[in-house]
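Got a structure for you, questions after.
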Amino acid sequence: MLALILRRLALMIPVLLGLLVLVFVLTRIVPADPAAVLAGEQASPEQVAAIRATLGLDRPLHVQFVRYLVQVASGDFGTSLYTHRPVVQDLAERMPATIELALASMLLAILVGIPLGAVAAVRRNGWLDQIIRVFTIGGLAVASFWMAIMLQLVFSMQLDILPLRGRVDAGVPAPPFLTGLYVIDYLLAGNLALARHALWHLVLPSVTLALPATATIARFTRSSVIETLQKDFVAWERAVGYPRRVMLWKYVLRNSLSATVTQVGLLFGLFLSGSIVVEAVFGWPGLGDYLFSAITTADYQPVMATTLAIGVIYAVVNIMVDLVQARIDPRVAEQR
Amino acid sequence: MSMPAPAPAPMLSVDDLSVVIDTPEGPARVLDRASLAVGAGEIVGLVGESGCGKSTLVKAILGVLPPNARMPEGRMLFEGRDLLALDEAALAREVRGRRIGFIPQDPALALNPMFTVGTQLLEIWRWHAPENAPDRSRAAGRARLIDLFRRVQIPDPEQALARYPHQFSGGQRQRVLIAAALLCGPRLIVADEPTTALDVTTQQQILSLLAELARDFALSVLFVTHDFGVVSQLCSHVTVMYAGQTVETGTKRAVLAAPRHPYSAALVACHPDRMADLAGIPGSVPSPLAPPSGCRFHPRCPEARPGCAARPTRLVALAGDPPHALNCIMADAPGPAGALP
Amino acid sequence: MRRRDLLRYSATAGALGALAPIGMPGFAVRDAQAQGAGAAALRWGGNLSRTLDPHTVYDVPSAFTRVNLYDCLYEYAGNPPEPKPLLATETRSSADGKTHDFTIRAGVKFHDGSELTAEDVVYSFRRMLALPQGVGPAFRPFMKAEGVTATGRHSVRMELQFPYAPFFACLPMVAIMNKRLMEANTVNNDWAAAWVAGNDAGSGPYKVVPGSFRPLDSLDMEAVDGYWRGWPHSRPIRQVLCRPVRDDATRLLAVEKGDIDSTHSYIRPDQHERVRRAPGLRLVEEPQLRTYLLRVHNGRDPMNNLDFRKALSYAFPYELFIQRVLRGTAVRSPGPLPVSLWGHPRDLQGYKHDLDAARRHLDAARRAGANVTREITFTALVGFDETEQAAQLLQSELRKIGVTMRIAKAVWANAVQMTQREETSPDIWSHWGSTYYIDPDNWVGQFYSKAALGTQRGSSWYRDDETDGMLAAARATLDRAERQRLYEAASRRLVDQAVDVWIYNGMAYRAVRERVKGYRPGAVGDGLDLRELWLEG
Amino acid sequence: MAEAPVLAVRNLRKHFVQRKGFPNPVTVTVRAVDDISFAIRPGEAFGLVGESGCGKSTAARALLRLIEPDAGSVTYRGEDVLAARGGALKLLRRKLQIVFQDPYSSLNPRRTIAQTLVEPMQVHGLARGADALARARALLDEVGLPAAALDRYPHEFSGGQRQRIGIARALAVEPELIIADEPVSALDVSIQAQVLMLLKDLQARRHLAFLFVSHDLGVVRWFCQRVAVMYLGRIVEEGPVEDVLHEPLHPYARVLRDASPVPDPALRAALPRIEGEIPSAANPPAGCHFHPRCPRALPACRESFPATTEPAPGRRVACHLYPAEDRASVR
């Protein structure tokens, strides 16, 4: 198991390096001049040129890239041109928000999607399957910003049972930083009321984000359960008298999960990219908003670091998925 | 069909059972008034080529036919109970795994790869531990399983429980499955081609083991196979099926030494091992969607007569000893000398 | 508006229909405790800057924190706004306009309790001049760090390299920072830039709650007890919670619901009616000096032809744009200066939408050999729909007179990059003439001086010695009447030459909850004075 | 022995090497085929039997270079198969044809039977156009399929029919030797008998030589003239079918023979006792691979792999029970 983790971590390095090259090239291909934007409208060309030189932007691209790599290798992810803060600090504030949202969405998608898919598979072609099919197709087809606004209108404005936006209401103090996940941090701080408060804020954005993923997971689980049901061992389990309920929910489902779990790892990428829209709509102070404003002002260091961070999150989640898979399927564990 | 007076009630009897599966192309009559009997302590070989209905019959006995299957006619008695009268839940609760043990065809695929052997086998104990067992606890099940593992010659039986199916060889897996079948003290073992996927030397070992266990535990065994060689080694009785119909049944000696049904005879002659001249059967097994009328073998039968297509399928006992029954126009002639189940 | 409302009501009705039978008894999700926490505070939904450093950024949102966390030597007051002394109690200028002596108000305390002195003023000006971005670039052409000296505990002398008339209008840009605190937080000669980006070192009416600032996202401020200017209302706002909302739709929902007390000031015209009708809300109109204009590349064929440029000026449908797109929320601005500002010729007619005139000038341009058949490109800004709408209107009008125009899109950083070189600069693009300092020089001087070439301000690539001379002279003289004459003359000349297509002076609109009283828009950007506000109920 | 062999295999070897594990990979060598030698005479059916994992299929594929062997030589009528290139290789590929166990996976599902049969003729320049089609029709007739089959696709046929198509395809290029890799083991007995009879018929009519790979002693006994028995990558015994299967010399060959069920109720009453299981080819026992299961194992069996001896004319065996100098122990 440790070997597996080590190997996956080792594999991560070239992947992240590739990601860095890609993002570096992409950000520089666009003819945007961070120096001019930074200097402000009052600056003269000479002043802009001076800033450009200070930032090293007048160097050839490959020199800039090597410099950047050296900088990253020494653990320095640079400073934002605007906030003057180390990018790491910005990330430390914003990444947990995105992770909390993505995790909650993932949890939701798994907890809803898997049973939904399993039920659809067991009641294949029945009315429940049809309803679930409509839901899953709908879940994939609905644009998330539209969904977000609808949820806000209904649950926050009309029914007034869920907060409109934000991680907490204005004036509610953030919890002491432990994990960065508010719900958990409030709990660890022993404040049950605020943990609940943060949890309610999490509902609408995570539902919005989870919807398409729930649909995907449900579809995957459905086809995977249907496939598993054809297996010889299911016939055996039936023939030796396993109760149907035990067979389905314990044995068949576990086998089907193997494929679904892989999917969950891939879906996490969807959560991260989807969070850009969802964070904007729900005023969720995560990476999406940060990345967006950094891109529009050509603030390269945050762009690079954020992309890298997202890459790392994605890779780590997929390593975790592999571990879970190894837990579910002993054959996987042995292959490593 | 009446029972011959002296014969003891068989452990399992299937009479005139038909199974129809509704497919998109129409109803497929995969079993057509098939009959079978397994007496106490008998090892009955159920022989036929693929598509002859052996597996369907096994599924019908175990009550695990697919949902789109129906049984429009026939009777199935097991230990005197009418199996057709039991619903799915009752079958799962009282028959499968408890009174009837099952050994599947491919030991490589029959166990769930994600759970240890112990978990899977004790699940059977959990739901089917015999009522008369002194201790029905999980620990008792475990102890019994370890005993059984020892009995079927699985090395390190205690550790074996914690292992996953893929950590066993093919032969060992089949031994595990045999132990599973025996776990809750069944009276009948249904083995569905349990050695087809194995190498010959392994097959030989499994057959020896089965014969031994059947003797020691006084079990009845329904042994499904396509191989007359295996039948001749293991079984006491044989039932031959073709295209969903029972064509011939009797003691091994009677059927193998002097097959009366043209299909049985042809099938025996197909074995290259017989050293005799090899003779194939022209044509192939018909589709159950559009089977020939009457005796389903008649289009391929070298001795077919005009009446074969019209003749209703019916197993008729032949006179003499050992008991021998035939589903053929040739057997119809002697008249009702003694009908056999 | 129609579509949005339709969506809203139909969806709400549908969802309510679905949920009504179930009912939601006891589904009390909102936390009374949590909700109560911010009720006495002002929940400000205006945009936040990415930094609290008042020197490094100078834009609309940064004015909010600069004005309320810091004090400056001068502030804007009156209508139209004029620079008035604030920390300076007395100002003496030499006759040549190069030397200015300021007396600093005594007894002003920074938030840490220390007194504001001449040293702090000198430090602040030197810091501002040293940093390459933000406010500094506006001062550096006429001022060196050595030119700022303390002449006493409460007196400062500033020596300019040459007389610079907009100097006093620029003073409200420079926040005075607490030198001692700043130096204590300086790392690697960074002028405490990293520290002050998230903290304050000011003497203003409000101070930052430590650790509450998150760039673009949130900031908590507290009123400063015993602020030297005092508090106009008996129950001023003690606590200000800044919670900007990024998303358009959510922003309106949030202010309607009362989650925030105010939006930013860019409420779109199609949303005005909704805000006016919403209970508990009011729509505040904030007059703006900001101009909107199309920049035309005067250095490139065919725009280097005066008749072609006039054809462009006659082709733009000004009234249609203002009435239809902006729904009448702006006034036509015929020249380079805001119409309400001195220096704008009151009688200036400018251009009107007149396709016949446009055709005549196009013919003249063609006869003069201009390449009028070339497809010209309008570069619209991504994220600013208005620029695209202007482009589309111009495109369809030009098509009528036979000029083909393509619409390209660029993000702001991208467009700025393009304008730095004459070859890459767009044929036409558009931007706003924002208010940095309130002086005609901020618009006409910055946009049409030769010194602006190579920046987005000079993206007309206009090179005219006579205009340049007038603008330089207006900058150098302290005689207001003379300056006014020069700016009027320059304005007329620019209009005659149809250098750019000047369109409007805007109006900003902000949704504010009724409970917020005393609200008065700031003169520059979001620089309202929070001291004047109180909450009702 | 009078005629020169059509195919001679000498010391053929194929090892599979795998590296497994991280960060300390372990190299595992599977000796799938370990120095095997045999020869097939013209028109002869030579059987290669053994249980799964013994290397018989690998050997068949290696001598055709479907898998490149590691060492050894294969000569077809004196020509080096392993060294052949270009045109020579193409000719060899024509003369040596293979028939697979599962004809369905070796037939392209999107091509008609006519295309399947005509293409190899064209590739080898034997016939084209109407001529090729006529030959295809004749081939189908030869394997017992109607000419109407030409325009149909593989999925329209039963397993037995597909195997006939696979045989027709092999015959299309007029080979001299057919390597049949378990050609009937996927078929039902009645179909299996039909196909076996067809193969026998073809062998006689076309004077074909066969390398017949099978796990079924009954089939081999019926079809082949000579047989080699493999165990864990090595040939343990070779000789005429009747001799080897009637009176096996090698203890493993005897176990294999005894384990093969024969449908004769009178033949055997008791089931034979067999020890142990086939070990992994990745980690075979030292010495004679069979010694841990062998009822007659000698101390020497643990030490060294026995040399191949010829205890009787035409019979070769690799077993310490038959030392080279002592021929008397045979009978």
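A few points about this structure:
For reference, chains read A, B, C and D in written order, and residue numbers begin at 1 within each chain.
The working rule: contacts are C-beta pairs under 8 Å (C-beta built on N, C-alpha and C of every residue); 3 or more make two chains touch, one makes a residue touch a chain.
Just so it is clear, the model here is predicted, and its values are computed rather than measured.
When every chain is represented by the mean of its C-alpha atoms, the one lying closest to the mean of all protein C-alpha atoms is A.
No other pair of chains shares as many C-beta contacts as A-C. Averaging C-alpha coordinates per chain places the centre of chain B 34 Å away from that of chain D.
Centroids of chain A and chain D (each the mean of its C-alpha atoms) stand 56 Å apart. The distance from the centre of chain A to the centre of chain C, each centre being the mean of the chain's C-alpha atoms, comes to 36 Å. With each centre defined as the average position of its C-alpha atoms, the distance from chain B to chain C rounds to 89 Å.
Shared interface positions of chain D, i.e. residues touching 2 or more other chains, are not present.
Residues 7-8, 11-12, 15-16, 19, 24, 27-31, 33-35, 37-39, 41, 43, 50-51, 53, 56-59, 132-135, 137-138, 140-141, 190, 193-194, 197-198, 214-218, 220, 239, 241, 243-247, 249-250, 253-254, 256-257, 259-260, 383, 411-414, 416-418, 420, 424, 434, 436, 446, 451-457 of chain C are the ones touching chain A in the complex.
The residues of chain B lying in touch with chain A in their complex are 62, 64, 88, 91-93, 95-98, 101-102, 104-106, 109-115, 120, 123-124, 127-128, 164, 166, 177, 180-181, 190. Those residues of chain A whose C-beta lies close enough to touch chain B in the complex are 231-233, 235-244, 246, 251, 254-255, 258, 328-331, 334.
Note for the complex: chain A touches chain C at residues 30-34, 36-45, 47-48, 50-51, 54, 79-80, 82-86, 90, 93, 149-150, 152-154, 156-166, 168-172, 193-194, 196-197, 200, 280-283, 285, 289-290, 293, 295-298. Across the complex, chain B meets chain D through its residues 49-50, 169, 171-172, 199-205, 207-208, 211, 226-234, 252-253, 256-257, 266-275, 278-282, 284-285.
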